[in-house]
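Next up, some structures in structure tokens.
Next come two complexes built around chain A: one with chain B, the other with chain C.
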Partner chain A sequence: MGLLSFVIFFLTLVAIYAILSIGININWGGTGLFNVSIHGMMLIGAYTSAILTTQPTGTRFGGFGLPFIVGILGAMIVTGIVSLCLLPFAYRLKDLNYFALGCLGFAEIMRLIAVQEDGLTQGPMGIGMIPQPLRNLIASRFLYDILYLIIVIVILIIVYFLVEKIIKTPWGRVLRSIREDEKVSRSLGKNVFGYKIQSIVIASMVFGLGGALLAHLYTYITPNNFEPIYTFIIWIMMITGGIGNNLGMIVGAAIIRLAWEGTIIAVDYLPPVLATRMGDIRLFVIGVVLIIVMLWSPSGIFPENKRVSRFLKISNYDINKSANVRRDLNERDSS
Partner chain B sequence: MINNFNNLISGGVILKLQLIINGLIYGIIVAVSTMGLTITTKILNFFNFAHGTIMTLCAFLVFSFNVGLNLPIIVSVLLAIPLSVIVALCIDSIIYVKMRKAASVALLMTSIGVTFAMRSLIKVIYGGGVKFYDVRISKGINILGINITSQQILIIILSIIAMYLVHLFMSKTKIGKSMRAVSGNPVLGEVTGINPELIYKWAWGLGTTLAALGGFFLALDTRLVPTMGWNILIPIFVAMVIGGIGSIYGAVIGGLIVGFAMEIAAGFIPATYKLGVAFIIMIVVLLWKPMGLFEEKK
Partner chain C sequence: MSETVLEAKNIKKYFGGIKAVDGVSLAINDGDITGLIGPNGAGKTTFFKCLTGFEKIDKGKVWLKGKRIDGLPPYKIFHKGLSRTFQITKQLEKMTVLENLMLACKGQLGETVWNNLLIPTKVKKQEHKFQEEAIKLLKLVELENMWDELAASLSGGQKRMLEFVRTEIAEPEVILLDEPSSGVNPGLKESLSNYIKKFNREDNQTFLVIGHDMNFIMNLCDPIYVMNQGKILMKGTPGEVQNNEDVLDIYLGR
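And now, the complex of A and B:
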């Protein structure tokens, strides 16, 4: 029973992290935006949903006691609106790294606000007693965990198919053209800035959704649940799974979570002094996994399927070859 | 907030001056570390997030020599800085050397991996608790009611010497000139017979030395915690971006601006928002001048 409930908890987290990885895949895999504001967006989503669904308290704003579905939809809407704050960065900063710094700054400010503003978020104490959906239907904790897992998986499937669908539309193709070469898409008359904003808002809504699901899983959130490290862990999941491939996101989330939880098994073989420093050993493992992935397989386990059209049958190999030929030609021209 | 403000009024001028001194110390520590970061960023062409962890590493190595082996603090520093440089060069020759042609984002993510791995190793070895160096706690000198300790005076003097030496190195020596050439135009540098690998090693060496020095100063002024490097990393990045990447003089001025702004703001707003102040400065500067205030003139 103990092991089984651990497996269910693990699968729930994998599904939530897969949703978050699909979100960042819209930004980086889809549009080439180096967005590292994930933890800030997750925080906004989690706190919005918590404030909307908890019972009223006198000590802070809200506690509206609304149903779960309103909570997660509200989280998505609020996150989508707040993400418009990233708009000036996308407009002004052409360099990827500068954009990333701006995003990190924004997300950190969100976290500082959550720490400081007692009246809204109860500061470092955090918000507790977050209700879980349909909790009163099932008395058993174990059976309820399975139900929550099912709810999360259903949401994951919806997000997966929606994102797959929009990536394959002409809209998604424009995003990928921006990723490959922004100037080309601008020369074709596309409003690059507008597309970038849409990409940021949609991805942020997915982050908000993921954050809200985490809040309802933990039932208790503090600003410490949303440290910058979670942004990078989600990035690692995306890189491991394969940038640009949504199926890879789910696999990447599973692998990284497995590396994370696998350290629990290692505890039995460690001397007791080290066993107390579990959290650090986990981070060490994550760091080493990231370095290994970046060194040996930067395109991930499932590389992107660079499909041109369903009428044109060319494989990835051909596309890469033609890209190489084009590069050679360019070099010859310039020399 | 109103309470803080009242305190400030009642404390009067003295408290304001104390804030300026705090800002000067913090700004100078940020400035020294930023000089190192700006050199590696410009020459290796990526944002090295592991810079803060090198600072932590050196601070803890000094702790090992000073408290563990009971060596005097000066000897500990002289041992710890070369050791940190060796660690950085080892990381370079194991990991980064294989990624010279990789995109800057890939290098950035790798450096985050290095950060996680190194920081958790430090935490596993030394534990998460707060530590202090074994130095005489000086009571501090009182000048017009402003408190300044002898360590702080030492930090200021040593930092100014370090800045001057870096300036001399970059403008007078052959290696320094080659570094500036490579950072301006790598292909042209290679054509004129500069070995890029050598320049990369020098950039790591110089950048790490300055980071290590900054880390030691930070630990001397405050205390040792494994997350200290990560916490100061964001002000350092902000200072680098404000100063314009690649300019060592811009780095110093950016560091001082960030240090002053953060410490002085702490007198008016909740201390939690200190980091937010740094970010707001960066956001304003980036939106106003995307290449920084002191973009290098060609």
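And now, the complex of A and C:
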């Protein structure tokens, strides 16, 4: 039973991290935006949902006792709005360092606000007693964990298909052109900044959703749950899975999470000298996994599809059958 | 006398103390292939950037079909009908040749996020239409067999061709070509020249072509503007330009 519930907890985390990886894939894989504010957005989502769904308390803002669904939708909306703070950094021409620094700074500010603002977040104490959806239906802790896993997987499937539906389109094509060369997209009439805004807001909403799902899984959150390391873990998941491929995100999340949890199990079998350094060994293991995948397949486990739009005619498409050539090819002017 | 489609008046662009473009005026008539030549550093490309909004103009005005376009961002200028290529070919390397072209189509429904969720059938129909158009243009420059390959796999000359038809697919008023002949072998240069003439003759497409390559420009363009040190030196027919003493001076360094 112990191992099984560990497996279920593990799978739930994989599904949540897959959602988060799909989010960063919109920014980096889709648009070429070096967004490292994931942990900040997760924090905003988690705290928003926690404040909306917990019972009223006198010690901090809110406790509105609203249902789970309102909590996660609220988390997405608030994160989407707050993400507009990143726009000044995205305004410049492709300047990865500048945007990345702005993102990291923003996310850290969000975390420090969560530490400091007792009246909103209860500071380092964190917010506890976060209700879980449909918790009162099932008494058994073990069976309930399975139900929560199912809920998260359903949400993952919805996110996966929605993102696939909007990214494999002319819209996604404009995003990819921005990733490839901003100047070209501008010269071809695309409002690059406008598309960057859309990309950032949509990705941030996904991060907020992921953060909220984590909050309802842990039922107790503190600012320490949202440290910068999580941003980079999610980045590594994306790189492992295959930048630009959403299916790869799920596999990448599973592999990196496995390396992460694997070190927890390994503690029992290691000499004490090493066991106390588990945190370092964990990062080492993840690094090794990343290097192996990169050597084996530089574009990740599932490389991106070369075509963007799903509306194109591909199968059995015969170029010779397409409509008459507008200008006569044989008539060559050599004057 | 055909009407003026693109007019620039007294364009100035300074970089610190360097007068890159120093009061350039020019008028391009509808249906002409206008040339702009000059030695390296004459300010041709900077002038191009000023026209297309990639550089902010310090002083001067630009009209396209009688409407002011100076001060607009590049993407708006594109939608007004001014389409450009780059001196060094810029491709979207990790996109297919077809989608490189289709990106340039105007008025795509699917470029708005929610249209893809709400009216996918309309988007699909439009995509098929644009696909046909793109394939037609690819056939014209004999790239049709590469339509589903990544643009990165094209040769240098093929990239020039792709960039050229990419400006054409949006059906602009004026196409600005920045050194279309550089890095292209003589045979391909010849056919590029022919494509430009073909578009010009059959669609009455207006061009402004920058070039170093005297032969290429002389055979293609009329009239020709000569630029030197940020100023227009002269305007004339190929014959006049070739026989002008000043032009020979700056080109031969006498």
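As a working rule, the second predicted complex is superposed on the first by the 290 of 335 C-alpha atoms of A that agree within 3 Å, B and C clash if a C-alpha of one lies under 4 Å from a C-alpha of the other, contacts with A are read in each partner's own complex, and residues count from 1 in each chain.
In this section, a contact is a pair of C-beta atoms (placed from the backbone, for glycine too) under 8 Å apart; a residue touches a chain by one contact, two chains touch by 3 or more.
Predicted, not measured: the structure shown is a model, and the values here were computed from it.
In the superposed model, A:I166 makes contact with chain C only, not with chain B.
By the touch criterion stated above, A:R186 is placed in contact with chain C alone, chain B being left untouched. In the superposition on chain A, A:L143 contacts neither chain B nor chain C. In the superposition on chain A, A:V288 makes contact with chain B only, while chain C stays out of contact range. Look at A:V267: by the touch rule set out above, it reaches neither chain B nor chain C. Judged by the touch definition given at the top, the superposed model places A:R176 against chain C, while chain B stays out of reach. Overlaid on A, the two complexes show chain B and chain C touching no common residue of chain A.
Chain contact summary for the complex, chain A toward chain B: residues 34, 88-89, 92-98, 100-102, 104-106, 108-109, 112, 115-116, 229, 232, 235-236, 239, 274, 277, 280-284, 286-291, 294-295, 298.
Those residues of chain C that touch chain A in the shared complex are 52, 54, 73-76, 78-79, 83-84, 86, 90-96, 98-99, 102-104, 106, 108-113, 116-117, 120, 123-124, 127-128, 131-132, 135-136, 139-140, 144-145, 147-148, 150, 166, 170, 190-191, 194, 197-198, 201-202. Within the complex formed with chain C, the residues of chain A that make contact are 162, 165-166, 169-171, 173-174, 176-177, 179-181, 183-192, 198, 202, 304, 306-309, 311-314, 319, 322-323, 325-327, 329, 332-335. Chain B makes touch with chain A in their complex at residues 46-47, 95, 98-99, 102, 104-106, 108-110, 112-121, 123-124, 127-128, 234, 237-238, 241, 270, 272-273, 275-276, 279-280, 282-283, 286-287, 290.
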